[in-house]
Amino acid sequence: MHPYLPHTQADIDHMLQKIGVESIEDLFTDIDAKALLKSPMQIPKAKSEGRVIRKLTKLGERNIDTANWLSFVGGGIYEHMIPTIVPHLISRSEFYTAYTPYQPEISQGTLQAIFEYQTMICELTGLQVANASHYDGSTALAEAVFMACGTTRRDTILIPDTLSPESKNVLRTYLKYKDLNLIEVPSKDGVVSSHLLKEYMNEDIAAYLVATPNYYGNLEDLTGVSEQLHANKSLLVIMSNPMSLSLFKSPGEWGADIAVGDGQVFGNPMNFGGPTLGYMACTEKLMRKIPGRIVGETLDLDGNRGYVLTLQAREQHIRREKATSNITSNEALNVLAATIYLSTMGLAGIKEVARRSHINACYLRDHLKGIEGIKVMHNQQIFNEFVIQIREGMDVMKSLELFQIIPGIIIDHEKNLLLITTTEVHEKEDLDTLVVAMKEVLA
Amino acid sequence: MHPYLPHTQADIDHMLQKIGVESIEDLFTDIDAKALLKSPMQIPKAKSEGRVIRKLTKLGERNIDTANWLSFVGGGIYEHMIPTIVPHLISRSEFYTAYTPYQPEISQGTLQAIFEYQTMICELTGLQVANASHYDGSTALAEAVFMACGTTRRDTILIPDTLSPESKNVLRTYLKYKDLNLIEVPSKDGVVSSHLLKEYMNEDIAAYLVATPNYYGNLEDLTGVSEQLHANKSLLVIMSNPMSLSLFKSPGEWGADIAVGDGQVFGNPMNFGGPTLGYMACTEKLMRKIPGRIVGETLDLDGNRGYVLTLQAREQHIRREKATSNITSNEALNVLAATIYLSTMGLAGIKEVARRSHINACYLRDHLKGIEGIKVMHNQQIFNEFVIQIREGMDVMKSLELFQIIPGIIIDHEKNLLLITTTEVHEKEDLDTLVVAMKEVLA
Amino acid sequence: MMKKNIYEISKEGRRGYYFDTYDLEDYSKSFEIPDKFRREEAPRLPQVSENYVVRHFTNLSNRNYGVDTGMYPLGSCTMKYNPKINEVIAAMPNFSHTHPSWREKHVQGNMKIIYELQGMLSELTGMPGISLQPAAGSHGELTGLMIMKQYLIDQGDVHKKNIIIPDSAHGTNPASVTMAGFVAKEVKSNAEGTIDMDALELLIDENTAGLMLTNPNTLGLFEKDILEITKRIHDVGGLVYCDGANMNANMGITRPLEMGFDIVHLNLHKTLSTPHGGGGPGSGPVGVVSRLKEYLPGPIVIASDEDFYTFKMPAKSIGHVKNYFGNFGVYLRAYVYFLTMGGEGLKLASQLAVLNANYMKACLKDAYKVPYKALCKHEFVLAGLKEPGDVSTLDVAKRLIDYKVHPPTIYFPLIVEQCLMIEPTESESLETLDDYINILLKIAKEAKEQPELLHNAPTTASVRRLDEVSVARSPVLSYRFNGEEK
Amino acid sequence: MMKKNIYEISKEGRRGYYFDTYDLEDYSKSFEIPDKFRREEAPRLPQVSENYVVRHFTNLSNRNYGVDTGMYPLGSCTMKYNPKINEVIAAMPNFSHTHPSWREKHVQGNMKIIYELQGMLSELTGMPGISLQPAAGSHGELTGLMIMKQYLIDQGDVHKKNIIIPDSAHGTNPASVTMAGFVAKEVKSNAEGTIDMDALELLIDENTAGLMLTNPNTLGLFEKDILEITKRIHDVGGLVYCDGANMNANMGITRPLEMGFDIVHLNLHKTLSTPHGGGGPGSGPVGVVSRLKEYLPGPIVIASDEDFYTFKMPAKSIGHVKNYFGNFGVYLRAYVYFLTMGGEGLKLASQLAVLNANYMKACLKDAYKVPYKALCKHEFVLAGLKEPGDVSTLDVAKRLIDYKVHPPTIYFPLIVEQCLMIEPTESESLETLDDYINILLKIAKEAKEQPELLHNAPTTASVRRLDEVSVARSPVLSYRFNGEEK
């Protein structure tokens, strides 16, 4: 028998007898013969662990060797140092082999961790209520749209053109079939002016969804924006790389009603883009509108503190077709990783991560600026990313491959714009290596 | 404060006050100033996890890349496939952060696992009592000498010259300071004749310590040996690669009084030679002479089954200077790995591992035999190792480096003898690679 | 200490991570964040030393129950064994440390895995088109419905708004319908627990966009009329969606394609053994018939001639439903499961899952109400105790906890009163099933003889029954620092 | 199920591992093992499916208590936090998959680590010569004594047979002395808990080979006369051995060299944070003064000029005390601990370990007998309850288990009646110490008011007190298949 299947032939015979059938095939007589598979699936024979590991090791070698390449790629997914205790702890099988905590008495581990996470997200965003969790930042943003449209009973969403293409794409898909409208506000020098925003205000506007830092790495100046929106009875939704929130003004401080973003930066590996986790927080006022899993603190029969899933009426259990979100399985284990990460790092830790990520980017921008053939595109406050323009006709991605360097993402092939990202994992020597290599290939 | 040290300055102040001293330095006033360190230790400043991992990754790269080299090196340490559940389970921190089960009520996990291990070792060796554990096979062998000398009140030990140099070396050190004698019986064609052994029998002989398979990979024919020894009131101690015991006659079947060996082959990585585990089993008669940790089954106050350390009177707790062994810390986690390995593989599993290891060696010996410049040294039954002689003057180790092959161990530089080992991790293509490469370099 | 939360073990000055020197320390002095952008009020995060973070979460884990702890027969959740080799592979840095915006040629290993997994899922479902992008089962549902909608729009069938859903369906089905801008229409089940064909007929008309169905359904019953049902929907130009949550009954036996479905999602975290993670991450790939292939969300991976793989957006794609390519870390585990199980192993798994469910049902029928007598597939429902007295299914579930096993899904599907929905999966041995059965029989006896044991249960867990009502009324959703109100 | 042993969940036909095809299947048919060598009776090994092996050992782990569970103040065992980064590094294949018989140039990474660790331990102890080969503390003791013996032989002092050991010493000390062919002579402790200098004087003569001492000793007291003691032994041509089990009090503060010792062993699994593993593996490197360097067991690693490392046997080496180079997997962890702690961190660790011990002692003095009033170092002893009634130290220990904490070492050292030997280590926070203190104070109260609570303890562990007597009388040391007798 296969190692994952504990049945012996004697067990099977005993069970068939108890059921009162002759063979396993007899258990499938209720299936119309026409629906039965005529020939076996074309899936190869089982492999031993040894051979599977050999095969996957070889496949892994068809990716670049991550230990020996230098990457300045971000744009939504970031490589940060992950404390060794994070993978250790999320590998406790009581965490990862459990499911949604439907039975709270034997799920206090998951529930309490989520409660702690909710607290941390509230603190980081400066808002009052947080859930756990969405699939990623972009789907969280899409769900924020539904919240906003549901609350305001309006159907149009404003976004700046500085939102990342990934988020724009997901938004477009989600909105298309609900007949909601998306309007893009143009940017200038890599940010959107709040004066310009005024021109777009009307009574159809449910919300303004703005990312800061935005896709170009620039901080959006949101002074007065929430006032403008609230005066128009619209909501402000702010999307952030949450690592930046230890240094920069929080969504709550900017007056946001809803904050969303991707929590991958907190203790989760890049994983080729997934799984990550989408966080969402909102004001107290919107508490009963927020979708997804929420854990509340309560007492048990003996008066001892405990945790339960709560505010579930909004969900699919009871109202079913009235539910405004269908999310059930979410990214709980990634939430746990984020909780452990934030517990380990503390404020001082994430501030230091953010500071080094930021200063590294400033240093790199400074040192690339002077190079012939490079133009720094925007003159804005950045966090840890910035855009440069490379001399026309120069394929910098290809040239730097020889140095085992991936310098960033080409975000505009025509204009040859390169988005460069740094985090605290880059040492000064790594930054200098890029600068030297850039000089060499552009010389 | 350092991440491993939970003290805050306020905590320290509070504690000093309670103790009634002013400063931490005041806690060390009982140390003679002349014994105090004059200047700080020359140990570098703390490094972050990120930098430690970077540094160790670089150091690791100064070893050969084990995934891309082909090694036929054994001689005491073997690379076998380790099921993924073994490292997973021994990484449960309740196992690895516990110590010796002094408090059985909260150590049943360790205790029951040891009991299960003892059962498996008894079954494998064909003997009645097993302990858990010794540092490695050689120190287990040395402790078997003390058992044998203590039991027989004799002072001379016979060994065949086919014992591995590692074991011989350890034995010599252990015996030297106890004034015990070691006599080597010479081999012929890679094994010792039991007829020859007869000549060495006398009333000083406490035991004959023989390894089978021996260092050359040959099985020793021990027919009649235990009878010879027992007639002389001496003991027979058999050392084995325990993986071979699923196919070949067990120590119990050969009539051994004590069986020892190294259990690394059961689920433990090579670890550059350590830690491994030394197993030891003996007859019922010697039960109260066996050193080390032993777990027994018993009942608790409610009549429920439980496990405790037992037969400890022999140890250092009470008789102290009368103890014949000083072993306390042993290789418990390696024992656990072996227990999980044997539970996972079962008899069918280790038989298949042994069979493939064996057949691979037979195949390789067959295919190397015909090559000009290679002579197969012995005509004996082997398990998974054998010795060949390479043409004089040919440095086969160096030549095969170009192929990223390590063909074995040169066990005699003068005669240019190479010990070649195979296990089930070698696929046929690996064996053929070695044959082709040998042909090429010897051509 | 065990019951403190992370903030309650925090103290000013502790830290869990150490940074050593920063080479740009001097350089950094010239930088300051302008007031306008600078954060004013610092977020409060816990300050805990590393070893206490370890203890805190280790102790939390010990207040959880997982598949590695024991039987976990949650109906429709397929809590099967999560193989450890899957985790080993997923943790390999050459996979886990890859960035989704690297160039295709730098991640050919990942892309080949995605490509091959698409093919394996295609073989498992029969569907020629597969997109791995959706992140969970209900995300797959939404995706599938969007595909339906786009297809109907392209056919000029904009009036087709109604999606028929059985009353036994997963609650996410109607929610997904709403999110995709359709209207849900409920069809009743008959006395045998399958779709009432007459009721269905009354609902089908030209406005019918399609139908969503789980097969076997949530009662664990195979829809005997499945071929007729799918045909009827097709007759009016609708599409049929298969909620693949219950695919663990079908592997190698029947397939959505053969049943007449047009679209299916799979839950990799159910059928294909990837861990549930306390609620996620999951993965909900969608498979479609040929005519819908070009509507799939993307990018998907295609192969060029020389074992080289590229991303491609299908021609009429609904677009992106998630960042990048979905939950790659989850695919890796499913891919390895395919390799270690093989085609025959998968079929055997489904057969044994069905065997286990039928065996349990046979053993429980004297003490619990069995509302549907027919053969079940991988799961079955009980309508509470035969002689309940004042004991509810909730009481039975809580009493199971006292016996150190995980209760089944309860009170679902809604159409069965006092419902217990039991899915043992193929991972459980006869001995474990017998243990669980004996506990359920013992509880049935206790319900008659000592009902207070059930009313008071659980008493051996880390907490007793929790007050879920007052928390929903005035929720405490984050830590109240120093007892403050927010 | 939880309490079954692995044989009791075994069944014919189950398997935990799968082999696929073997390319030499045909070839293998020509091979058969001759009867003479073939095993006759098959060993009985369990047959269990992989997922049940996982459950079995997961459940066993949950019946264990480790440092990650909570405070574990075993005296003289230094149960400090085991950093997780150590485990990550030790698991790297480039280290764990290296063979000890590969050529030096193929394992320069390993060798450099060994070389640097030798240097760090040299700095920690002051000893210029270090060999990492011994596998545990008592193995280090034996090694050190062998070095002493060889040295004395070489000096022509073959008559020197006596090793003086205090009555407070670890039990392994006299056992090691015997194994090395010496004779142990016990010296009494004085009322202050340190070596009685008059008694010592009476034992010292020309037959004195040396003295073994732990400092601080097992009472947690620093031997105030240490410089005099080591001098007196040297005066008669003897050598002084430092049992390094208690080095966690000394790091960066004092060193064996400065105290006058000639030989020391360290327990990497105590002082240097490597895990105890339920009893091992440990590692017991030995350090020696210059004149003994060439006697060290080997091989040790030396550096050549160009950052290249080679193995070398010291000129007069006692030989090998273990296969290969000792427990390399353990060194890696200790090496990483040196890197992450740094020199200052190590000193701070020792300071805080001593602070913790003195704090606990101060808090417990009203309820428990404190036999020695002086400052303690990293551990201290209590002579049972102040008002014990009919309650023993064993009862106190067992009652601690009911409070979900691990008891201290008990009934050791032998010279203190009803001894509790408490070593909190630097890893424990003030809050944890206070919790533990409060439990001990509560138990002291219970001892007066409800002694039966203590006599009956533990009642909340997975088993109650176990019968250790009858098992020693008629031991059951392996599973009795079908109840058979062996």
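To keep things simple, chains are lettered A, B, C and D as they appear, and every chain counts its residues starting from 1.
Note that contacts are C-beta pairs under 8 Å (C-beta built on N, C-alpha and C of every residue); 3 or more make two chains touch, one makes a residue touch a chain.
In UniProt terms, the chains line up like this: A, B = Probable glycine dehydrogenase (decarboxylating) subunit 1; C, D = glycine dehydrogenase (aminomethyl-transferring).
None of these values were measured; they are calculated from a predicted model.
Common neighbours of chain A and chain D, listed by label, are B, C.
Remark: among chain pairs B-C and A-C, A-C carries the greater number of C-beta contacts. Averaging C-alpha coordinates per chain places the centre of chain B 46 Å away from that of chain C.
Note on chain placement: the centre of chain B and the centre of chain D lie 19 Å apart, centres being C-alpha means.
Computed centre separation for the pair chain C/chain D is 47 angstrom, with centres defined by C-alpha atoms.
Looking at chain A, one finds that residues 2-6, 11, 45-49, 57, 67, 83-85, 88, 91, 93, 344 touch two or more other chains.
Counting partner chains per residue, chain D has residues 14-19, 48-52, 54, 58, 62, 68-69, 81, 83-85, 87-88, 340, 427, 429, 432 touching two or more of them. The part of chain D that touches chain C in the complex is made up of residues 1-2, 9, 18, 49-52, 54-55, 58-59, 62, 68-70, 81, 83-84, 340, 404, 427, 429, 431-432, 435. On the side of chain D, the complex with chain A involves touching residues 11-20, 48-52, 54, 58, 83-85, 87-88. Listing the residues of chain A that touch chain B in their complex gives 3, 48-50, 57, 67, 81, 83-84, 88, 91, 344, 424-425. Per the touch definition, chain B reaches chain C in the complex via residues 1-6, 8-11, 45-49, 51, 84-85, 88, 93.
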